[in-house]
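Chain lettering (A, B, C, D, E and F) follows the sequence in which the chains are written, and residue indices restart at 1 in each chain.
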Amino acid sequence: MFSVTVRDHIMVAHSFTGEVFGPAQKLHGATFVVDATFRRPELDDDNIVVDIGLALEELRAICGGLSYRNLDDESDFAGINTSTEFLAKVIADRLADKVASGGLGAGAAGLTGISVTLHESHVAWASYERAL
Amino acid sequence: MFSVTVRDHIMVAHSFTGEVFGPAQKLHGATFVVDATFRRPELDDDNIVVDIGLALEELRAICGGLSYRNLDDESDFAGINTSTEFLAKVIADRLADKVASGGLGAGAAGLTGISVTLHESHVAWASYERAL
Amino acid sequence: MFSVTVRDHIMVAHSFTGEVFGPAQKLHGATFVVDATFRRPELDDDNIVVDIGLALEELRAICGGLSYRNLDDESDFAGINTSTEFLAKVIADRLADKVASGGLGAGAAGLTGISVTLHESHVAWASYERAL
Amino acid sequence: MFSVTVRDHIMVAHSFTGEVFGPAQKLHGATFVVDATFRRPELDDDNIVVDIGLALEELRAICGGLSYRNLDDESDFAGINTSTEFLAKVIADRLADKVASGGLGAGAAGLTGISVTLHESHVAWASYERAL
Amino acid sequence: MFSVTVRDHIMVAHSFTGEVFGPAQKLHGATFVVDATFRRPELDDDNIVVDIGLALEELRAICGGLSYRNLDDESDFAGINTSTEFLAKVIADRLADKVASGGLGAGAAGLTGISVTLHESHVAWASYERAL
Amino acid sequence: MFSVTVRDHIMVAHSFTGEVFGPAQKLHGATFVVDATFRRPELDDDNIVVDIGLALEELRAICGGLSYRNLDDESDFAGINTSTEFLAKVIADRLADKVASGGLGAGAAGLTGISVTLHESHVAWASYERAL
């Protein structure tokens, strides 16, 4: 199995609902360093997993649509705890949509899986992994 | 599949038995930076994998029970080579016990796997992965 | 010259005033990984720069007083752009106060400088350096 | 499942053929930081995954056979795009050959898998994973 | 003293002249992860060291003018060993020119120093520091 | 001012004397990732700060003379707290001796300073800086 990973980041405000979150129930914020991994069992005709330029570009576009805002005010996330693990899924699903709609090029049709890791600090990170 | 990882560290002395260990047969030491990963297929009702505060706290307690000592003198490890990979299993198993006994909260009942990685230097690390 | 550095982090929301900040004028957030460095020309009687346990403890206390909040609502920062470089100075000055009031132990009287670096992402960080 | 990873690096020139590579069609170069992971379900009689000294030595030998050259001039890679993901496979396969020929010691017979990750920058890396 | 650092990277081929370079006399290549630091004693009216958006943009432009090429073929570097330390100076000087010509904004007039670090691998890096 | 840094590591056991050390008064251990920086105002005739191959080799030799042992048993350190900051000085001074005796090549005569940083964990490191 082959994979390629590209990195970008988002900077957001948000708050959580539920006693389990302790002080994070208050409005606070985070930088999430975002690693997006694309997987496939065999390389394509160019000997690659995915066009890394397009992968970086599409990840940047998705991060741009999430960054520099208060996630509590986003209609997409109304009533939802935007935990690190949940946001990993949001980004993975949006990347999967890009793959399906051809945004990562024709070669990306051979991709079989995506995973996304969000680093919230030097001591904590979360991931979501899915098939394509 | 979702996961959350938290990081802590231990600082220990130990020695190894067996020619394969070369100079490490002598008493020496290591800092192990410890990454503990918790896995589950679906998020819980709070939209998380595990209470990250409790995860950090329990990992800290386990690290506290191993750190600042000579592992050669610990009865738990009598006659055992406390290799990096073996210590990864020790910590993963102790975390699994914590999950089973409720130390990571009721929500942690949905966890299905744990893996632990110990970084012994900038050029070597070891992992152990198990089901719950 | 000797130095010792310890690391912690804060997670905050804030917004900026001024066209130079572009999209960061909107309420957003950041994780700042905080590195605090203590300097002195000679080691103390214990052969150290500073009690590293106390240094970690006091840095944690200062980070605790800043984290998990919206800095726009803090009276200390009313009307101030809480840029990364400014926050580095805030933390350095608070550490300097701790040194002066004995919070880092008697040995810390020999410290001659402090610097603080705040990492806001994998591609940007800021520092402030001062004498004691 | 247990694993051990060791790190080394190579510094190479190369160029790519195909429009998908954009500016990388020109002769350029890369440092690849190479992480080689060895896997097995149970530890050996010495309580380890693999002789880490031999693992570092064999990885160094393989890296030495690739580094400080223009891959476009290597007969092994004639007419091949030496992408990061392809080179990960090259190194993993060469390590697998070493395991098979006894270069990693008798204990290495219990290894069941190898994966190799090549970091080409702080924002991109690629991996290849195979069974033994 | 305050500073802000931004990161980008270049991927180049080159060779060196001189026995001191050993195997690096052959055409090879490197990824240089580039950290550019801007310094000043006091913050500007916006409470910052430099417009970080412009800093990233100008660093990207300078990296773009160096990356994806064989430095041996660049007229700027004819007959010059493009060592890591030398390239750090090239980038620092080009950034200094940008500051002087207003490319980093009017506020950048208060900058007093620049340093650039190029990481060539996980075990080696080089820096150049200059006044403005 | 130019600098070049190379990295290696040591793995040692030791204990400390003095209440300030808390639990670290017991025999324990550490991995110290060692960064050695060489400084000079102008590059040499080869356009470099120092022969990086020799720098890595000499640092490796010095690390080899410290690693895989219990520092409490070393006559060089009898009655001395081998703190991270102290060990940074030990390594810097040994490197300075190598420079003086020609071990880093004739070009190294132009070096004006050395600093050494020892990383003891992901949250603590110490440095020593000296002139040549």
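Keep in mind that, in the parts below, a residue touches a chain if its C-beta (ideal position, glycine included) is under 8 Å from a C-beta of that chain, and two chains touch if they have at least 3 such contacts.
Keep in mind the model is a prediction, meaning the values are calculated, not measured.
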item: Least hop count linking chain B to chain D through chains in contact; value: 1
item: Most remote chain, CA-based centroid, reference being chain C; value: D
item: Longest centre-to-centre distance from chain F, chain (CA-based); value: A
item: Interface composition of copies chain A and chain B: same or different, split at half; value: different
item: Whole-Å separation of chain centres (CA-atom averages), chain B against chain C; value: 30
item: Rounded Å distance between chain D and chain E, as computed from the means of their C-alpha atoms; value: 30
item: Numbers and ranges of chain E residues touching at least 2 other chains; value: 7, 122-123
item: Residues of chain E that touch chain D when the two form their complex; value: 7, 9, 11-14, 23-24, 26-33, 67-70, 120-123
item: List of chain E residues in touch with chain F within their complex; value: 16, 18, 20-22, 80-86, 88-89, 122-130
item: Residue numbers on chain C that touch chain F, as the complex places them; value: 1-8, 43, 46-49, 51-53, 56, 105, 107
